[in-house]
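Okay, structure first, notes after.
Letters A, B, C and D name the chains as they come in the text, with residue numbers starting at 1 for each one.
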């Protein structure tokens, strides 16, 4: 069996230009060495505060950005990935390695290959008001993937569009409307329809509910779960709202300053968070219960800028358990049993609990 | 698909658009200035269209008739009379005729220059914004330079520098066109066949340049020179504006979404970027027509305009230059520049009002997202 | 190096490139002419104008050499202050500029501040009284002013104020004062300290002359201001309107500040940011408008000269004026950039 | 009434006259905020939370207009209807008695002025006399009580007092000074601020600014004071805004979604800060948000808004334990929690251009009776301190 998606040490840096001659002076290390595996058919939650690079990671996977380093394997048999890993160990120059990567590694794709990729991978943006072309009809917006990828056009495309439109809870009466004639929730439904019309296997949901109202949010979440079941989709659910992620996703990864600090099955991470940042993050979510009041903020200070992140463990300046080693060395993600990975010296120094 | 369904398609597609246009018109009608603008422009369109009826030409319609019978008696202008409704300017050119046919010249001036600038601007501006890099850098620096000149001055310099006759090497032009074409094809990665054909043609034209160059002589009238020079000075401004607009739209989420759904750059530009940039550009263009006409008129006033007997408003006023030294002459021949001046002013004002109105109407729609 | 210094320096470098580009472009345009026509661009004195002198110049400066070689030579000439011989003036271009700039300066001196300050003031006023009487009048006036052909307006003003009312007259100075001045200069009783009549008159204790010079400036200034102020008003208005909708204006009001503080301290300063550039451009661009205006009023400044030059295809003349105006534009831009850094703290960090 | 309320909003109606049509943003809002409490105003976008808060400050932006109703503000024993105040006395309340903090902290700070400028400004507007007094005293301590500087302060102080009390005769020099100030602002150079540039006064104010910045838990106030908004992080900017709001320790603070755009960890910090400051400054807070978690964590009482009406108000625990209005119930049920599947409110938030007749919730309400379609339920107290506008609890006749 193979993973739906496997990231190996993925990096994406955005250059900053400055100085007299506008030379490249620094880089925003938005995604700085992320390695995760997403199982087929699961909903993989990606949580983090603003500027931690979660959205960039999503878009890099879709190859809307060109990664600076690392590998992206999408639905690649295990033996291939293993072979690549092995080859890289012995010599990076080998021709076979290059061939394999060009064939399987999305990071190396370009042009036509990417376009084919778009059928299998799609994205739903955070804010439907900006992600839908204001001068296009709903029909054309949703049909775009079909037409652009030459899957279908004309009447056929229109039929498929109407079909998917019904599926996401709108009617074919909406075909000839402009996006601004809809409410936020409906717009997001349109965006979902566009994402699913080409029947992808993997969909990235980038904060899909943060722009809609509380009462409508639940409708959308239900829609997502239904669609996932019916089209047997794999989701990557990017969000900063832990309460939603906890409910919708099977596994959760927590990101801080371009790195994954911890990932594990959902209830595991929410009931037994190991990384001090995860603990703080979960603790600072305001509980909707007036009888359970928290009197003090679990964390001081703010997220430092990703341009020059702290040495060693990026969390150490804010970390209550910071040790000297945290200031020098970067902790690696390590397995602590039952699919629970943490990158923290404090944790690893403790004895691993039996899973 | 069948005709019927295609028609339904069309109907269904038009209904909401019409709704928007009606909304715009409603807004327009609400502001008096806008209405005034529309009316003025329409009047001038009318004049231009019915010029042959209003002032029936003899021979070349754009050469203003001279009244020889008066000319033998006097050269200085005659005031409005039954014989010449607006009177005559010196050398006894008929003012009325000149004003009527001048409106056509005005439209020609404004529209051609704008059209030229738009075409150049859209292509270069879009490419620069989309693919940045060297092209963008070069463009920006070049526009920096062009903008450093007061437009009128540079245009003047060009007018006197442009030769009357251009010897154009057609094969060279052909070559350039093909180069650009193949460049575009490469960017928009079309299928390889077309590219191959283009490159073959390229080779051919190269050979033709080397061995059997195809020459063509293109002669410019003085008016052509004026238009050309204004256009040459004007296009960088447009390119800059369009570049800016494309830049703005290019970073919108929906463009990225289109890319995510597998659209080619070409499709993105045509389907998403241009439709979303068109309104601001439209406004700029409308407002510019007025100032182009003004520049042209100013150049004629200095004496760099069309031929002396050409039906052009600025050209007539230009004759007033000789009277400046003697103020009384100006007063005496007031009508000779007052009337054409009024024509120019209203023409320009019409377009400016229209552009202003367009801005007021379209901006909220642009914001409405 | 502080970021502000870096910013200024960057602009400076850019501007130098612009200047170079300007010269290249201009020179490229002249290359459209045949060498014997272009020769005059290198003429230093009158006796080089003789037909037999031309071939000498052509081969001396190698006017048949490739473009870049010629450009190099020409540029060195320019840097040595030789811009060629203006037939229309007539005289060496540089000296013509030297002798004529005072007149142009007289106009700019009055026009520029009027345009900028009145423009900004009216813009603000019509913004804060949106759709009020002031607003409508301003909008109509600006549209009209924007649509008027400057030469036509000039002619009308001449007809009314010079022709009918006999208040003003064309030219830069009335004849009797010119004669007086020349006589004075010859006898040494009158000194042209600055070359600007308005000042010299006062310096020589001849208030009458200053007044006369002033009266001749009035009409041109009116024309320039009416035409150029329109755009500034419009831009200032829209910029101000936009700023007034910004959240921090709400904050200012919520602080309990008085209306005038909100408008003049919080809104206007932010609204000025886009306007700063424009005013810089316009002040520099005045030279363009002056070509027409000075011609209409037979005002012996640079613009008038440029028009004459253009008419007589006096290449060095047009060239000189073009380069000069571009140069001034660049200077103005630099000033605006510095101004920016002062108005907008965000610049300092970029 | 248990405690005295410092702000009473009665039948507030606000309409926006837009091109699309008349938006009935607020339709008879009733609200009362008591001394020293945090009242949470909950609702979805377009429910009219922000409009309510803006109308309290009389800052409803055009084309919005307050149609009728009353906003009664009690401070220093006397009650006054804000809507009937003239501009001057309104300004006297703004920033001094009632102040506001906003959702987009950076956008609500003026980009071209430093933090210090912006905070000291509000202090100067409302506490000028006090600072002049301080400055004079400071000078006297230094034995420079007779110095020119001190005399200037005395003169300005005199002006201020006489202008404030309106005792200045029409042509008096003081009035002239005040008038000059106004002209000065017009032409951009503020004569008065020339005075405030005098060292001592300035240092006095700076001291105060730094103190306030310390109050909002900014670790290095002196450095932050000279920063410009674009140099501040979101959380920092929000602290600065809060400092600005507290500069004249107001009796009431309006917080319009102050933590919505902040990260969870920072949000927790700001929430605690607000609670803390409420204690220190004992000012009452109108806390506007759509996040039910935040409300549960911070507020003492809750008012729920829907489509321009307040549908329910009660103690926070009461609200969460036994909500009465169907909308409130649905809202609380729509909170996701692991294990149970998402309950959502059917339909969409109605547009307010021609809103539903009767009870504006009836279209989405499971208990809607025909009367709900026709007539609007009154907002009445059905339990102790528990107000609700719904026919399920009588009042149908």
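To be clear about the criterion, a contact is a pair of C-beta atoms (placed from the backbone, for glycine too) under 8 Å apart; a residue touches a chain by one contact, two chains touch by 3 or more.
Predicted model only: the values in this text are computed from it and were never measured.
Under the touch definition stated at the top, chain B and chain D share these contacting partners: A, C. Chain centres here are C-alpha means, and the one lying farthest from chain A is C. Here the CA centre of chain C is 51 Å from the CA centre of chain D. One inter-chain figure worth recording: chain A and chain C are separated by 57 Å, centre to centre, where each centre is the mean of the chain's CA atoms.
Centroids built from CA atoms put chain B at 49 Å from chain A.
Distance between chain A and chain D, defined via averaged C-alpha coordinates, is recorded as 38 Å.
The touching residues of chain B, when paired with chain C in their complex, are 33, 141-142, 144-154, 156-163, 290, 294, 297-298, 301-304, 314, 317, 320-321, 324-325, 327-328, 330-331, 334, 337-338, 341, 344-346, 348-349, 352-353, 356. By the touch criterion given at the top, residues 245-248, 250-261, 264-266, 268-270, 343-346, 349 of chain C touch chain D in their complex. Listing the residues of chain A that touch chain D in their complex gives 49-50, 183-186, 213-219, 221-222, 225, 240, 242-244, 246-248, 266-267, 270, 280-281, 284-291, 293-300, 302-303.
Chain A makes touch with chain B in their complex at residues 59, 62, 64, 111-112, 114-115, 118-119, 122-123, 125, 127, 129-137, 140, 144-145, 148-149, 154-155, 175-178, 180, 191, 194-195, 198. By the touch criterion given at the top, residues 44-45, 233-236, 263-269, 271-272, 290-297, 299, 316-317, 319-320, 330-332, 334-338, 341-345, 348-349 of chain D touch chain A in their complex.
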